[in-house]
Each structure stands twice: as structure tokens, then as C-alpha cells.
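My structure is below; once you've seen it, I'll send some questions.
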Amino acid sequence: MFAHNKRLQYTVRVSETNPGLANLMLEQFGGPQGELAAACRYFTQYLAEDDPGRKDMLIDIATEELSHLEVIGTIVAMLNKGAKGRVSEGLNTEAELYRSINGAGNDSHVTQVLYGGGPPLTNSGGVPWTAAYIDTIGDPSCDLRSNIAAEARAKIIYERLINLTDDAGVKEALGFLMTREISHQQSFEKALYSMQKNFPPGKLPGMKEFENVYFNMSTGEGDVRGPWNSDANFEYREAEPAVDGGSGMPQTVVSDDDATRVEQLAQRTQSDPTADPVTGAELGRGNGSARQSGRGKAGATR
Amino acid sequence: MFAHNKRLQYTVRVSETNPGLANLMLEQFGGPQGELAAACRYFTQYLAEDDPGRKDMLIDIATEELSHLEVIGTIVAMLNKGAKGRVSEGLNTEAELYRSINGAGNDSHVTQVLYGGGPPLTNSGGVPWTAAYIDTIGDPSCDLRSNIAAEARAKIIYERLINLTDDAGVKEALGFLMTREISHQQSFEKALYSMQKNFPPGKLPGMKEFENVYFNMSTGEGDVRGPWNSDANFEYREAEPAVDGGSGMPQTVVSDDDATRVEQLAQRTQSDPTADPVTGAELGRGNGSARQSGRGKAGATR
Amino acid sequence: MFAHNKRLQYTVRVSETNPGLANLMLEQFGGPQGELAAACRYFTQYLAEDDPGRKDMLIDIATEELSHLEVIGTIVAMLNKGAKGRVSEGLNTEAELYRSINGAGNDSHVTQVLYGGGPPLTNSGGVPWTAAYIDTIGDPSCDLRSNIAAEARAKIIYERLINLTDDAGVKEALGFLMTREISHQQSFEKALYSMQKNFPPGKLPGMKEFENVYFNMSTGEGDVRGPWNSDANFEYREAEPAVDGGSGMPQTVVSDDDATRVEQLAQRTQSDPTADPVTGAELGRGNGSARQSGRGKAGATR
Amino acid sequence: MFAHNKRLQYTVRVSETNPGLANLMLEQFGGPQGELAAACRYFTQYLAEDDPGRKDMLIDIATEELSHLEVIGTIVAMLNKGAKGRVSEGLNTEAELYRSINGAGNDSHVTQVLYGGGPPLTNSGGVPWTAAYIDTIGDPSCDLRSNIAAEARAKIIYERLINLTDDAGVKEALGFLMTREISHQQSFEKALYSMQKNFPPGKLPGMKEFENVYFNMSTGEGDVRGPWNSDANFEYREAEPAVDGGSGMPQTVVSDDDATRVEQLAQRTQSDPTADPVTGAELGRGNGSARQSGRGKAGATR
Amino acid sequence: MFAHNKRLQYTVRVSETNPGLANLMLEQFGGPQGELAAACRYFTQYLAEDDPGRKDMLIDIATEELSHLEVIGTIVAMLNKGAKGRVSEGLNTEAELYRSINGAGNDSHVTQVLYGGGPPLTNSGGVPWTAAYIDTIGDPSCDLRSNIAAEARAKIIYERLINLTDDAGVKEALGFLMTREISHQQSFEKALYSMQKNFPPGKLPGMKEFENVYFNMSTGEGDVRGPWNSDANFEYREAEPAVDGGSGMPQTVVSDDDATRVEQLAQRTQSDPTADPVTGAELGRGNGSARQSGRGKAGATR
Amino acid sequence: MFAHNKRLQYTVRVSETNPGLANLMLEQFGGPQGELAAACRYFTQYLAEDDPGRKDMLIDIATEELSHLEVIGTIVAMLNKGAKGRVSEGLNTEAELYRSINGAGNDSHVTQVLYGGGPPLTNSGGVPWTAAYIDTIGDPSCDLRSNIAAEARAKIIYERLINLTDDAGVKEALGFLMTREISHQQSFEKALYSMQKNFPPGKLPGMKEFENVYFNMSTGEGDVRGPWNSDANFEYREAEPAVDGGSGMPQTVVSDDDATRVEQLAQRTQSDPTADPVTGAELGRGNGSARQSGRGKAGATR
């Protein structure tokens, strides 16, 4: 069960309202790398987790992320406080309000006109948050790796936001949130590596002959060798079709009944390679003749 | 520039068509952990990457993932071949076709009725692929971690699919695709760790006093200590508001003009805590009296 | 700040695992009327709210909805426990696992194959949760009405789910969750009606001459009069264009420069109503003549 | 069956084109609170409704909302007329067109570059309209409440748009549309309250012991009592887990076969709480030692 | 302005309710090729169209598509009538209702549990309708081609649905709707070809040297020549990079200030190709040694 | 199998970085009419296609579109190069970076803050690419028409982008991409018309009596006759309900059991047309009397 304390985990002090800045902050509220994504990610993993240690860690961090969602959302709300009053009570003239909304820059007009200055669960472009952002698949060695990567990404987005404002109070609160991502990443790393073994994930082994092959699929100036494709670590092979030694062509067995229908479909819809039909595009060139397309050598087949 | 060879990277042999199985395979075609997501992920990173080594690796792997998209899509197409003929040419009776489509199970009806038996870029639930699945943010230490996690997840989904079919040819091709995820994960790992330093990501340091704190946000039976929150690695603290030592309450400065409007808004929309108004719900209880809600002690204030 | 207690707000007792039932339960986890939507709805309103009474109520209820999200998610996880083991560890044969996944019915295959038996933030059809479900606009008289309606809807979806299972423990927990929606609706109703005035919402008055008009836009057998369009409450008028007394035709003023371009565009792209051109469709009828479409009276104009 | 009259329900007079203003108007065209949402909402309810009175009212209002969609869409088209010509015919120089498109502000560049100055079914941020905006669930007491709330929201968005322009003709047409929302809200209210009884919605009663409880889930300075949680109306209780008197811990029964697999999964993936493994993050700190993270007291366990 | 007549454009007679069939019908209600998409497509084009002939045609057809939306939605509602009663009133036992909902097949459980048996604006997989389905771009020669293609697709989906039912009344109404798509396609074709010229669309000419080239980008067994790449119509060339004769490598000019930062970024994040770092994956193999990955020849560089 | 050559199909030369222009270019990268959509469209058709000629053409063009995706993505990356450095390394002051990001105009702030200056798979408004953009249905005569329309649309969007920049290198590369759409459209046209017959698509004939009818659904000033509704081609009829000669009213047969439940539902939820209930809106008018709404003639019925 969750409980709430009206004091924030970290005090938010905003020295000046600014709806344009508020809008950029939405990235960490309702954006793909934001706190709602983090909280939902760990909370849903918690529910399905059976390992006592991970289960406890997941809910500790999920609950903290919810508290961070509150901190960043409070920053957005504080920065929008002036805009909220303007939108609901109006300004002296319509032109003034129009300029105020358009002049704040980026996509803050959506927050103002559609959401009345409240903090919507969208990113800074106004795109609604979607659970498609969450990549949990119910396997701990994968989910922990996904969590590690997610914490790293969130750290960077906070870094970018910190670089965008010189409001000391906002900077400080963002700095706290950024720092906690570093801490959480470390916890998830410890949890991953205390699983023995965690690589490759899952139970099925790979095919030995392909597990350490590196295929050079892109050729030309710019090929580089390094530990990611070095002879020490990989068998370096040029791209090649049908590496199984087969034909490379797909085969399937269709029942006799189905085969009849498939054949019927093929005949009904075949394109005749020997035709040279007049086309709609030729009709559409609009210069009196339907047959002037191509290279001037067209001959009608009809 | 891309070029294409009509032979697959791995030969696909399907021994029996099965639209229900085809539909489950869509997870790795147009699903969140599938090959389109992988190819797009690495290809877009390639475009913006300036490091020669990573750039080459990203396009090698992106190109291979495109070739895997072709392999899994071919499996879907082969498994659906019979269904494709049925949908377009019909069966003997409508009831037969209805049963054939409904009886295949899971969501294959969408593939059949809407997509005519072709391989749509959806997951097995029919949800269209979205770039919201891609978590690239343009920082290499983050993006490599995201790639590592993505490869791990793809490995597991393939493992699940392999466990679902006893068609030897399908199993083998899926086994190849699964194996290559293991290989790619290893390359991304090597690339990540050949960045010195890669943790914490980015340039800004965290706040020292919070970087190694673990907050015990969830209490009760089930608290577990382990390396993810051990004294060896973390300062273990109980949850506490306002860890900055402040009030925990948000503050902002609103310009005088805005303050007037904010105040006006507050007054115009305040909820009177001393009222006990009749409500719509009370009207809606429908038993002759609007005031029977609550605990039987309601007294009207109007 | 949020804190978490490892005990649920209401004890969940599941007497038998059932992935098909689990999947239907997702409606109240990651579905449009579910608990995540409720929690996000009230929590974001809380952040922007300045009225002390509403602010307190919103966070009380938001926190409880989070706790309900945990209860329903726990039900999903418990019902999926068997399926989770099967997916990750496999069954005796692939055919057995395939049947197990397909046989569970509805869309539970997505939960199993893609999410490994965990509770994903999707509805029962596998559609990812989206903040587009939240209709908060930052005006209290509107948002409270939206909340009232949302609670009513959630009550009904729980009622439908309760009718779907005879597992006493599941039924009881769902009954608790359903009951709380009734309670919350009553709180929101009280809060709405303690705003004086709350109708019409906002500041701008309507145009008196149209505020109580009912337009009979649909005619024919089935017209019914009732309080929603009665003479006692409304002026009942037949549908009519240009109720303002104007022409009903749109007018705009375009600058001279723009007018030139608009005119140029019009000429460049006009459709000639006097032509009778041969079309692609006619070419495509495939019977030797391009001009047999229509009513047999076609005469070429070119 | 629908029919159309080429005259608008309300005459639209635009005195000056303005693509930036046009873009904001999209909120009521393809935005979540806009006219397409309204029309679809009532039209789909109409189709399933069996009550003669509600059925008639729903189609009357749905048809009017379609006519409003036409009015607001016409406003958008008129305001964009100049931009449409510029985009298709070009301006004197590319730089001029670039400035014209960027300078219009907000997200009008999407309307211009992607939609050619036509009115797309997006909101003002360019987000495509989605049926996820519609919250109809097929229960009249819920759907009417949802409609009431939707009308209230639409009224407010119109109010905000009216405050943004001083074009008298646009203001007047918006005023009409806003007024009609007031009228429609009244009709839906009358229809709701002429259902006896409409609260609680549905058939199943709540659990008496929880139906009028208010849980104080959020504590700290800021707790407020009012009619929404007053003793007159509610039993006011402090938050507490396991309000059913049980353990608060979930229980489920798993078949013996499944239990074996669940146990096997647990063992295979357990995190060892006694380990202190070196992690990737530690490798990534890049200072010659993998073991310097944490609080300086780390001791290796391997 | 729209008006509505309570009689359908075509009478709907359903001889037996069937929620599974109802669900498949949703493809033409809220699916990508369905009637809402068609109506919205033509209606929004109408609003921006200035050509009198096309404008009139677009609104005629848009209005008819709305009337078709009503016909197909009515079919869905009629087929769901029994299910609607079951969901709201319950069946004798919960198990009976569960079987009834699961047994109807495909995704009808979403329609029943979430939408109460009403016709939701989703496709048959439960995916909400989105304006992303509409491809209007505000150029008549393009939009008419899009409309032609859309009508062709809708025709085929109706054909598939007709093949799925032997209910004579449903078949007949679907047959009418299918027929009208044929008719509409012909109108759009006539409108397109009465534009002189309509190909290539727009004003800018292509580069002559590439306008009729066909690049053979895919090689191997299966190359076919036909009118789409014949010498008569095209210059057939093998794939080749840098067809402009340049280097094929991108170039850009970065300001000196930016160049410094770009260089700084490159140095800070470079991957060292000469390293062979231990990786997380190696740590995770879990066999006592972190260095056994790759081909057994790894040598540490640190 | 795909292979990649590090040289682009067309050399990209950018003379000046410009994140605002970069953002507009995203329309053809991750926008609905862009190259990813094109590549996916043809590639998935290729997989399911059985006709040898079309199959070869589809993969040739799909592969070229992938190569175009690379060209346009490279343009975006080059134009963003400066912004990428600024975002990751910071500027001299936070205010400078804030101005730099906001001042670039349109939605480039999303690309910069969220995607770090890389090319995301979104449109210029930041909306993530979705497979809902792809309208393939698995019927060749439809899919070819869809492809023709898609090429036409892409041509126009390129034309608009070309008009927006005077950077000669960008203009030239865009010109190449635009030209290739013209070429591809011609190939698809040839392929369509070499199918005999291709209209109407599919197997089922239409109802003769409705196949060439044009219904005049919209009346009033503005009716125009042309080849799309001329007597030569169509039977021109006024709009009329129940064109089948029936009642126009839907009928269905519900089983006796279901009928009981439907009737029970109707009675339970009926709206009483003879009531005039007090409503929530009336309570909310807040002027001491609940009964002042409407036209002043209200009389209570309760």
C-alpha cells in the first residue's frame, strides 16, 4: 500500500515563472525517459517478481521514482503558475494573451491552451505518454539490463535540462533527481551481477558456430576493427547469404486444398511482364498523348 | 547505400502452414522487441555517430538486423500462405471460412481479415509498430547500454517462440536469429567498455551526498539486504521527506500582475469547506430524498 | 513524498491460476478506465491545484488509486503465476506449450509471449496505456466532473469483471475496489457542488439566444420529447443553417500577395467539369476498351 | 442517414488570415476536447442505445456536433488560406518561405509542411486524433456523466480560444460553439437525472462498510476537512493496510506441475544477497580499479 | 450543416446475434480502411478545397460515408445485442458468462468487457482508430490518388467480410456498402483525370537524368523484366553509390565554435579500438573467470 | 539479405548547420509520407508477394527507399551537427543554451533535448512514426494503387522542403530524392496496369443497380456537375434513405433468453420522458435556487 506525505522528497524553489522552461521539463514528467516511465517500469516488475531481494529493491526504487515524479511535476507546476492565471483569467487584450502564449516558445502553447497550465503527462512536444515506452518482458536478467540503461538515459536528460536553466533552485532539485539515477543504476547493476549466471540471458544456448561471429555487412571506406569485432573476440566474416549452407530461398508446404487456392490467386492477379500497358500516369501527363512517358521508345501492346 | 541479395541470410524451411503460429511470430517482426526496432535503433544511431569504430559497428549490425527482419518476415509469410489463399479466394462456405479464421486462435484474425495474410508491422496483438519503442537519446554510453538490453530482450523472445513450435525448420531459423542476438550483445558490450569512462554517463557529476544512498522507501515484512543496498556499497537510509533539510514545500515567485490573476482564479473557483451541498449523486440515488447519502447524519447547509 | 508498505490495502486470495481471466483483469490495470488512469488523473490535478481542500482530497484519492493499482496488479500476477513458469521454463513438448498459450483464450497470448506472464500496462486487448485516456484540462469545475464520470465508469468495469469469476477471493477484492469508486465519486461530487457557482463552467457567459435552444437535427420516426428537450426547459427548434441570420457561407480576407498565389494554385489544379477523360479505372476494367464504364453512354471528350 | 446543406450552421467571417491562430484552433477540430471527439462519442452511443428518448437526443446532438466540426474546420481553413497558397506556390525566395513558416509560431509548421495548409485531424501540437479520447463504455448512467463532463471541458477550451483572438467574426462563431456546449450539457443532465436511479451506477451494490469511508492517505501539513470527507458524509479513517483484517499478503494456489516450474525459475534466476559482485558500472568508472564504487568499504566476494 | 434522417441509407436485417462476427465487422467501423477514415478523409479535404467541382464531390461522398458508418455500426450493434444484455445483466453463473465471452472468439472480449457490447471506434483487434490512418496532404492530385486507393482497399475488406457470413441480410447490406466503394472510386478517378496535368504532381520538375531510371537494387535469382523496368520505359541500371558522381560521403560546415564542442564531444566519448576491456557480459557468464568469452584467445589490455 | 556500402546513393553537401531546418526535414525521415514508411510498405509487400515480376520490383524499390532513408537522415544529422555538440557539451551560459534551443524554432527542441541532436524517427512535430501509416492490405491491385498514391505524396512533401532552403547541396540531394519518387510512381503504374483486370479490385462484383449511381448527399448553392457525376457516367440521384426499398430501420433476432436480459436492461436504465428532474447543472448555477434553468417555465415533478 502506498502512503503520501505532503512534503516533497526534495524542496523545490523556483525563482521566476517561465512556461517555456516548464514545457522542456515535461521530458522528465511525461516523456519517454521520465519519472512516470521509471515508476511504472519498476512497479510492474515488482508485482511479478518472486525473488525476495529483487522484489524489495524494485518497490523501494519504484516508490522513490513516484516521489521524483512529484518533484519534477511540482517544478512544472511552479514554472507555469503565472501562465495558469493568464489562461484562465485572460489578459488585458486578446492580442496580449496570444503573444504571451506564442512567445513562450517551443510547445508550451499546448500546455497552456489544452491543459490550462497544469502538468500534463506528455513529453515536451505534447506527445501523450504511452506504455510502449516500457520494455519490461518478465525476465530478470533482461529487465535489470533494461533498468540499467533506463537510469543511464534519465541521468543524461536531467543533465541536459540542468544545462538549460540558471535558476538556482530548479538546478538544485534537478541535480538531486539526476544524482539518484546514478544511485539507482548502481543498485540495478549489483542486482544483475549477483545473478549467476546472467549471460546469455535465458535457458537456451546459442548455436556455437554463430555465437561469436561478426559479419561485416557494411563495406567501403570506414571499416574499423576494435574489440567489438576483433579476432581476439570474434570470428570476422564477410557478409554472405545462406550461411547455413542451404539455398537461401524459403520453402513451405501447403496443403493440396490450399495450394489450389494459392494458384488461383496467383493467376487471377498476375502482372503480365510482356505487356506495355497505358497507365494512369501517362494519361495524367496531359499533353495530348498518353504514350510519351519513359524513354520515348514505348510501343503499345494493346 | 543498401543493396539486396534475393537469398536470405539463413534458409527458411516451413513444414506446415499455421496462421496461429504465424501471428505469434509477429512479435519479432513488428513487435517492440523485434527486428524492425533493432534495425531502426542501430541505423539511426549510425547516422548521428561520429566515432569511427562505433559508427562502423552500428551499420554492420543494423544491416544484419534488416536481414533478420527479412528472415522472420519470410517465416510469417510462409506460415500464412494457406490462409492468404483462403482469405482472397474464399472457402466452400462462409461458415467454413469463419471457422477457419476464428479457429486459428490468438489474434491471427487481424492478419487475415485486415492484412490478407501478409506480414504486417504489428505485434502479435495487432498493435502497430511505433517508434516510441526506440529509446535512443544520442549519448553513446546510454545508447550502448540500451542496445545491450535490447539484444538481451530479443534473445528471450526468440527463446519463447522456439519453445512454441516443433517445426524443425522454423526452430532452426529462429535459433540462428536468437544466436545472433547473443553475438551482437557481446559487440555492444565491448564497445561500451572500450569507452573510458562510461559511468556515470555524461559530464555532470552527481551530488556526492546522495550518489550512494539507498532509501528504504517500502517498509514491512519483506525488506531484504543485498549488494544492491548493502552497507559495503551504499548508505542505507530510511525514507524521509525534504532530504535537503528544507521545508519540503514548493515555493515560487510570481510577478505581481500574475499574482493578481492567480488570486482571482483561486477565489472564483474555491470549494467551500464549510458547505454541505446537495450533489448530483444524491439526486441520483432515486429514493425520494436527496439527502440520504453519507452516514445518515447529513444536515443541509442550504 | 510517497512511501510504501508491503502489505496490500486489501488482501488478495486467488484459488486457482488462470491466464485467460488474468488477461481480462488487465482492463482495470492498464486499460482506459483502470487504476493507472485514475491515479495519474488525480495526481496531476493535485500538482497544479491551489485550492487547499481540493488539493488535499486529490492526493488522498490519488494515493489510494495507486494502492488499488497494486491490488489489481497483484491479482493479475497471481492468476498468471502458472503461466509465467510455463513460458520461461517450457512444457514437456512445444505442442503442449502452444496449446496452453492458445487455449487460454482472449488475448492472454500477448501477456505470455511478450510480457512473460507479468502484468503489462495494457488493456485486455494488448493496447498499451496512453495518457490520451486522461482528460484533465486544468479547470476545477471540469476536472471534477471528469473525475465523477471516471469513477462511475470504473465502478461498472469492476462490476463486469466481478460477474466473470466465481473465485471467492478475487470476487471479494474486486468488490472492495468497486466499492471505493462509489466512495470516491461521492467525494468528488461534494467537492464540485461546494464550488459556487460551477455551472456553466468558466467565466464567459453563453449567448443568451442559443443557451437553451434544442435543435432537432435528426428527423423521422423516433423523435421523442422529454426533459432534455422539453418546452419547459428548452426552446425546441428545427435544424436550420445560418442560425445567425447570415449567409452561412464562409468569408475570409486574404492579402493581395496571398490572393495571387491562391488564384494561381486554383488555376493550376482545377478540375475541368466539361471534360470526360479516360481514367485509370477504365483502363483497368480489362475488356479491350477503356470506355465502357458508366451507364453505357460515355462519349469521349478528348 | 446523414444529409448535408452547403450553408454552415453559423456563418464564419474571418478578417485576416493567420496560420498561428489557425493552429491553436485545431484543439477543437482534432484535439481531445474537440468536435470530432464529441460527434463520435454521441454517434456511437446512439447506435447501441435502446432507450427511445436518449437515442433521439444522442443523434440530435451528434449531428449538431458534426455541424460544429464543420464550423471550426472552416475557421481553420479560412485562417490558413494564405499559408496554403504560399506552401504550394512558393514565395519569392526560399528564405522568405522558411521565415514565413517558422515565424507563424507554435506548431503551425506541421500544418503547413505536412498538411499543405488544410485542417488536419490533430490537436494544436500535431498529435493525431485517436479514439482513445472517447470514454464510452456502454452504460447509460456512466456515458451520460462522461458526456456532461465532456461538454464542460469543451466549453472551457472554447473560452480559452475566444480569449486569444480579437477577430470579431472568429470570436462570434466560437462564441456560438461555446454556447451550444452549455446547452448540450443541460440536455445530458436532464437525461441523466430522469433515470431513476442513476447512482451508484450499475446493479451491484457496494460493500456497506467501505462505501462511505474516506481514507486519509496523504498526511502532513495541508490536511483539510470539507464536505468531501466530513463526518456528516463519511467515516474518516487513517490509511491502513489490509483493511479486510487479513494479512495483506497475496496468496495463490498453483498446480503441482506449475509449482515445479515456478520453483525451477526462481532457482535459476535468483539474485544472491550474500555476493558482492563486480559490476559493469564499476568497470565503467574508468579509473584503473573496478572496485572503488560505493562507500569505499567494498570487499570482493569472488 | 449536417442533418440526419432516422432511416438508414440501406436497411439492415440481422437474422442472429453473434459477437464474434460483430467484432470482425469493426474493421469497417473503426479500422484503418473503414468508414470513419473515409468520411474524415473526404470531409477534411472538402473544408480546404477551393475548386468548386471537387469541393461539391468531396462533401457528397463524405456525407455518404458518414451514412455508411451508420450502416456498418448498426450491423455491429445488432450483432452484439444479445452480448450487451449478458454483460450488463449477467448470466446464471459467472462461469457461464466467462465462457460466453471467451467462446465468442477473436477479440470480441474487448468489445464486451470494455465497451459493454456497443460499437467502439476500434479495429477488430481492439486498436483505437487514429487520424494517422488519414494520408491527406492538401494537394489535389495526391489526395485524389489517395482516395482512389482508399476506395479500392475498402472494397476488398468488404469482400472479405462478405465471405465470412451466410446471414443473408448482413451479406446484402455489406454488398451495398462494397458496391458504393466501386462507385466512389470511379468518381475520384474522373476528378483526377479531369485535372490537366496531374502527373508528376506539383510544380517542380524532376531531374531529367533520374526520372526514368530503374535501379536494380536487389540482385540474384529472381530478377524479372517487365513494363515497370523495361528498356522501353526506363533506363535499367545496376545499383551504384554516389550516382551524382561525387564521393558519396556527407559533408557539412560547422562554425568554429561548434566545431570545438563537436571535437570535445568526440574525445570525451571515443571508443578505444586498441583496448580489449572486460565487459559486463563476461562478468555475467558466471564461470569463475571474466575472460572466457570470444574465441578463447582474449588477452586483457588492462 | 541486405548489404550496405558506406557511400551514399547521392552525395550530401550541407553548407551550414541549422537545427530548425533539420527538424522540418524529419517529415521525410520519420513522418507519415517519409522514406521509412516507403521502405516498410514495399518490403512487407515483397515478403508476401508471389508474382515474380512484382516481387522483384518491390524489393528493388524497397531497397532504394532504405538508401533514401539514409540520404535524408544524413541531411538531418549534418544540419544538426552543431546543435548536437551544444547539447552535450553545453554553451557558455545556461541562458545561451536555452535561447539557442528555443530560438531554432518549430519543434527542434524535441530533437535537441530528447534526442541529443540525432535523427529520431518522428515527424517534424515530434510524433513517433507508427505502422498505422502503412495501408497495405495484401491485395495487389489495392496495394499498387496505395503505392502510386504514396509516391505522389512523397514527391510533393519533397517539393515543399526544397522550397524551404537555399542551401544548394541540400536542395540538390532533395531534388534527387523527389525525382526518384516520380520514377517509382511510374513503375508501380506499369505494374498495376499490366494486371488484367485490375478494376474493380477483387473477385466479387458490385450490385449493378448501385455501381454507377452518384448520390447528391449535399445540397444547396455549390452543386456542380462534372465527369465525376455526369449523366454520361453515372445515374445522378438525390439522397434518399432506404434505397433498398425497405423500412430503413434495423432489425435483429435475439434469442429468447437474451431478449429477457435486454428487456430487463431497458427497464432498469430507462429515462423517464415525463419527469422534469432537478439536475446537477441546476444545483451548480449557484443562485440559491436549483430550478432557474431553462426558459423560466420549469415546474418540478418531484
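Residue numbering begins at 1 within each chain, and the chains themselves are lettered A, B, C, D, E and F in the order written.
As a working rule, a residue touches a chain if its C-beta (ideal position, glycine included) is under 8 Å from a C-beta of that chain, and two chains touch if they have at least 3 such contacts.
Predicted model, so just to flag it, every value in this text is computed and none were measured.
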Q. Can you list every chain in contact with both subunit B and subunit E?
A. A, C, D, F
Q: Go through C-D and A-F and name the pair with more C-beta contacts between its chains.
A: C-D
Q: Mind checking subunit C against subunit E and telling me if their interface is mostly the same residue numbers on each side, over half, or mostly different?
A: different
Q. Whole-Å distance, subunit C centre to subunit F centre, using C-alpha means?
A. 21
Q.
Need the CA-centroid distance for the pair subunit B / subunit F, whole Å please.
A. 23
Q) Which subunit B residues reach two or more other chains? A) 1-9, 32-33, 53, 59-60, 63, 67, 74, 77, 84, 87-90, 107, 114, 116, 122, 125-128, 130, 132, 137, 139, 141, 148, 156-157, 185-186, 190-196, 199, 202-203, 212, 217-218, 220-224, 226-228, 230, 233-234, 239, 241, 248-249, 262, 265, 268, 271-273, 275-283, 293-294
Q. Which residues of subunit E touch subunit D in their complex?
A. 1-9, 30, 36, 40, 43-45, 47-48, 59-60, 62-63, 66-67, 69-70, 73-74, 76-77, 80, 84, 87-90, 114-122, 128-132, 134, 136-139, 202-203, 277-280, 283, 288, 290, 302
Q | Parts of subunit D lying in touch with subunit B, wherever the complex brings them together | A | 141, 192-193, 195-199, 212, 220-221, 224-228, 230-235, 241, 249, 271-277, 280-287, 293-295, 297-299
Q. Which bits of subunit C are touching subunit E when the two form their complex?
A. 20-21, 24, 27, 31-33, 105-107, 123-127, 156-157, 160-161, 163-166, 217-223, 239, 241, 248, 262, 265-266, 268-273, 275-282, 293-294
Q | subunit D - residues contacting subunit F, complex | A | 1-7, 50-51, 53-54, 87, 90-91, 93-95, 97-98, 101-103, 107, 109-110, 113-114, 116, 122, 125-128, 139-141, 148, 185-186, 189-196, 203
Q.
Per the contact definition, I'd like the list of subunit C residues that touch subunit D in the complex.
A. 5-17, 32-33, 52-53, 55-57, 59-64, 67, 74, 77-79, 81-82, 84-86, 88-89, 130, 132-133, 135, 137, 139, 141-142, 145-146, 148-150, 152-153, 155-157, 159, 162, 169, 172, 175-176, 178-180, 182-183, 185-188, 190-191, 193-194, 199-204, 206-207, 210-218, 222-224, 226-230, 233-234, 239, 241-244, 246-255, 258-262, 264-265, 268
